[in-house]
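Naming follows writing order (A, B, C and D), and every chain is counted from residue 1.
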Amino acid sequence: MATTTYLEAIREGLWEEMERDPNVFCIGEDIAVYGGAFKVTAGFLEHFGEKRVVDTPISESAIVGAAIGAGFIGLRPVAEMQFADFITCGFDQIVNFAAKCRYRWGAGVPIVIRAPSGGGVHGGPFHSQNPEAWFAHVPGLKVLCPATAYDAKGLIKSAIRDNDPVLFFEHKALYRRIKEDLPEQEYTVPIGKAAIYRDGTDLSIITYGAMLYEASQAAGDLAAEGYSVEIVDLRTVFPLDEETVLASVRKTARAIVLHEDTLTGGIGGEVVARITEKAFEYLDAPVVRIAAPDTPVPYSSPLEQAFLPTAAKVTAKARWLLQY
Amino acid sequence: MATTTYLEAIREGLWEEMERDPNVFCIGEDIAVYGGAFKVTAGFLEHFGEKRVVDTPISESAIVGAAIGAGFIGLRPVAEMQFADFITCGFDQIVNFAAKCRYRWGAGVPIVIRAPSGGGVHGGPFHSQNPEAWFAHVPGLKVLCPATAYDAKGLIKSAIRDNDPVLFFEHKALYRRIKEDLPEQEYTVPIGKAAIYRDGTDLSIITYGAMLYEASQAAGDLAAEGYSVEIVDLRTVFPLDEETVLASVRKTARAIVLHEDTLTGGIGGEVVARITEKAFEYLDAPVVRIAAPDTPVPYSSPLEQAFLPTAAKVTAKARWLLQY
Amino acid sequence: MAAVRPMQWTPTAAAPEQDSEAGLSRRFLYYMALMREAEGRIQDKLYRQGKVLGGVYIGRGQEAIPVGAGLTTRPNDFLFPSHRDMALYFIRGVHPREVFAQYMGRAGGLTGGRDGNMHMGDMNRRISAIISALAAWIPVAAGAAMAMRYLGTSDITYAFFGDGSTSRGDWHEGVNLAAVQKAPVVLICNNNQWAYSTPLDKQMACAHVADRGPAYGIPSEIVDGNDVWAVYHATQRAADHARSGLGPYMIECKTFRMTGHSAHDPASYVPAHLFEEWARKDPIERLERLMVERGYAGRDEIDDIHAGIRQEVDEAIAWAENSPYPDPETLLDNVYETRPAGT
Amino acid sequence: MAAVRPMQWTPTAAAPEQDSEAGLSRRFLYYMALMREAEGRIQDKLYRQGKVLGGVYIGRGQEAIPVGAGLTTRPNDFLFPSHRDMALYFIRGVHPREVFAQYMGRAGGLTGGRDGNMHMGDMNRRISAIISALAAWIPVAAGAAMAMRYLGTSDITYAFFGDGSTSRGDWHEGVNLAAVQKAPVVLICNNNQWAYSTPLDKQMACAHVADRGPAYGIPSEIVDGNDVWAVYHATQRAADHARSGLGPYMIECKTFRMTGHSAHDPASYVPAHLFEEWARKDPIERLERLMVERGYAGRDEIDDIHAGIRQEVDEAIAWAENSPYPDPETLLDNVYETRPAGT
């Protein structure tokens, strides 16, 4: 039976890196004594001590800023936003300070910002957002959105070792829902590489994060109807692994880009634009996007269900595309 | 001879609205005594008094927040960011407070945030950015990027009368460069409507802001080569006037999306995605984007020149497309 | 949208004309007990039954703060509650039905299911909905107060916040702006000594939140936050100050969070003896003792108030449970005043 | 990139071993006069000649602050200058050539033309580049200081900021975090009484920036910012405090901005008599008088120092003007450590 949850995978990756490198430390609100709002760092204080697991005041901007400063001195800080929604409070530090130092004056900023994002947990407008698209528009940042426990562990380790600022969005609806058996031996997952989650020939679904599982269910349903669907899991949403996306679409000639984040200005547009520009001759049908509609994330279940993209919506659109 | 600059047009629009409606007031840093870093509000203090032209401490978040609060009480605040680059310091107030009140609890937030954006003025990484794409990803906001003096005046007036939060990006390189004769009589320009800046049949260039003039020059150059280029000026970049864009592309079958903002995650992707999904059958060639590369805005002239999209780059790409 | 159509509601034991000391005491008790009862039902019943989903943050033990402060407000004042100030909504005339329906995500809730728990507001009743980002409403309250002065009224705003919220940049910017502008804002801190799991000394290196007043050139005072009369009088001073054009005034109410941070938090990081100590200072019991001592009310009357509240709450919950869920067809409504073409 | 390869440079009159009072005075004078001369050339010559484009912000009249504070720093301390602290760069060993080339957008500038004016830094010389957003570097300085303590060193950070910058949320969050963490940061305010066109009383409602220390539980003192010796001694106290583990310490240097906000601002909003008043308090002349009075140096020696500086500056400008512009081919370099595939 699969044993490691997505949450535990992140914890393990973080733990291993802290064991490996004494310069790695964690900073954030309620991460030490409490172990984090989602308990990702439970037990860290006891093991690594309060110098390496630092509870801060409620100051997202200072948390990011302090991480940058510690990075200047040679540490490798891992900062936590209690919810990804609060990352807007540290926005300037991320997009103007962290992202631009290397380009401007050669100063690497080796920080990781972990942030639990995503909906489906009745969190309402401020505990459900998917802020990745903002940061995917900021040269100098790297933006990761792992969907599997394997990738979550492998990517958090790569993020910590990376010498540039990395945003690590953990989908909170996956924390305890996803379980996998992970390799015994150490491994990392490279930043900037998408994965073929499922092979197929008739249609590509390009997605990431929690939507991987909706795509996967849709692919299963469509397989029953005789269609072979390929799923590309971006994993890193910026910088984008264009090659893998294009290779898939050149093979299948049809593509759906799927994300939980709201439609307009989401990463979907970027992916579609690259496909349209660079694989135009291969396309047998319009490239379509499926995403949450352009509204805040509503709280009440029936509204939130209507808001979130689902396998059923994907299947319906896919059928249309496959018959195009 | 054309008489009204882009800057004066904004000033006039603002002035007229303040004359018309005593609930309109301005708030920002150095806007009263000094008349604003770019002198858009020069003379306002003397005419409207210090209750209506409020100099604040250096507190972008509080400026936006205070505007929201004043909006709750029935005023129509126009907040100024001294440079658009500092809007990141008020980011949370804009994207989480202002944008979501109506949806959550029916509270309209009738504020305007004016922000001088854009490069080409040797401003370097922090006085040259084009932050519109971030906000075009936030349901509840409206995002305007006027390119002409006529539109700048008409849109600032509409923005002030709008009952939702509007971001008004003024391209600072146009402030004194663009001059037009404006109508004597009062007018407004509707939010959410693109304009056909130039009619054409062979290729659509979809753009906004300062890039309109690069597109225009390119269109002129291409006309000399016998090509008829249509230019769509988005004016409002969110919510997008999809109909006008699609109608143009359905006519020309070829499209370039052009913006000064950096490529990845810019508005271009969104426009391309809508074209690809909804005008796919009309396309005779890939839709291509021309934008600044994915770097911070460099300071030194040769670097900045290489960074900014130009008519020459547009013309080269257009030729390729037209011969596709 | 439900949010903009206030319900009619007459609180059973809190007619505003009761302004004798005895009358006011009864109103204090009513609102404090109503808040206690309503929050208790939400956290200990509805949440456990799975009828309330998501986060639940209650103000048990802190009821004297929203009540003592809230009863100094005038109808046109604008209130910016924090997340442990439910009584302010009742004082503003929000019906308990609307609150329970809010928590249960129903159409009859104050936000019609759009948002949850204490994220509710109502323009008509001049009470704002917070956003999650703590202290974000401090600049908003400052701006609202500036607007009130601009309009020439003597209205003021009330901004509530916790000790931990003072660490946020927005808190600083908002208080500073209000101070410079002499905006009529009453700043009310519930210093319950914790911010989630973080104790005061990891939040700030000064002894009292009130120590921050001088940094903004504004008066600040410390008050026993479990003494509703003390809160009331201090807030009255603050409101008078603000209303007379002298600018913001800060009150730090010392209290204690008698629960975990939220319904899922057992608060094992809080030393148990502190709960015991502070239980003895319970603001409701304390008020009741005072009422009996001073002859404002007999035990029977007090019991009646509680009984009345229980009944009101029973009825309100029943109503809320019968309120329909919002129609998914409305999902796209009200993002803007007018829906943009093509959406 | 030029930024990470420090140039060799020996200041003409500021050998660090000169630590007698006379020797230190000479170093003070050298750096203050060098800053004055360099900034003067930039604002009054190169900018007017169109050789420097964009914004120019100089610290005329405020030189005692970066110099007095800067000469208390140790090589491993990390400096976070603000935009009127040019002398800090010289003290850190940045060559005037690199500074002029920076202003002229040349490859030989400290950022190789990537950024302009005072937006320059050098990791090897442990001096940070600010970003424009004011006070953003305060939390960064706090974090750097926390890291120094983490690594078990006795290094400290110095964070410089103006009066207006204290209004920013980041200033508050950064100072508060440093205070709670007892991070070894020296906080140095240049209170030049203006922030662009905004005078102090529209920026804050307290009388002194130092009044804000108690809000964070940290010591703060006011010092005459035009007296380099006073700044030096106060900063020494602050550095000792921070270095010995007692946490941040704030110094408010009272001074005056003897120019407009930037090169294009005539500062007509500043009452003229203030310029006259403060001209009489010029920190360089004041130091020179003291040096002559105390016999630290004769007028001749002082004149020699100035002459040496003028020559140095002439040479540095000539060098900078000969420095090539950056190659546009490098536009995409160094966004990341390794350029991502496909870009």
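We take it that a contact is a pair of C-beta atoms (placed from the backbone, for glycine too) under 8 Å apart; a residue touches a chain by one contact, two chains touch by 3 or more.
Because the structure is a prediction, the values reported are computed rather than measured.
Distances between chain centres, each the mean of the C-alpha atoms, put D farthest from chain A.
More C-beta pairs in contact connect the chains of B-C than those of the other pair, out of B-D and B-C.
Per-chain CA centroids place chain B at a distance of 36 Å from chain D.
Chain A and chain D, compared by their mean Cα positions, are separated by 40 Å. Centroid to centroid, with C-alpha atoms defining each point, chain A and chain B lie 30 Å apart.
In chain D, the residues that reach two or more other chains under the touch definition are 111, 114-115, 119, 131-133, 167-170, 173, 176-177, 180, 202-204, 335, 343.
Shared contact sites, meaning residues of chain B that touch two or more other chains, fall at 56-57, 59, 61-62, 85-86, 88-89, 92, 96, 100, 103-104, 125-126, 139-140, 239, 293-296, 298. If you check the complex, the residues on chain B that touch chain C are 25, 51-52, 54, 56-57, 59, 61-75, 77, 92-93, 96-97, 100-108, 139-140, 142, 162-164, 192, 239, 241-243. On chain D, the positions that touch chain C within their shared complex are 167-173, 176-177, 179-180, 182, 201-207, 211-212, 214-218, 247. On the side of chain C, the complex with chain A involves touching residues 53-55, 105-106, 111, 113-117, 119, 131-134, 164-165, 167-170, 195-198, 202-204, 269, 325-328, 330-332, 335, 343.
Per the touch definition, chain B reaches chain A in the complex via residues 85-86, 88-89, 91-92, 95-96, 99-100, 103-104, 125-126, 133-134, 136-140, 238-240, 257, 262, 264-273, 275-278, 280, 283, 285-289, 293-296, 298. Those residues of chain A that touch chain C in the shared complex are 29-30, 33-34, 37, 55-59, 61-62, 83, 85-86, 88-89, 121-127, 293-296, 298-303, 305-307.
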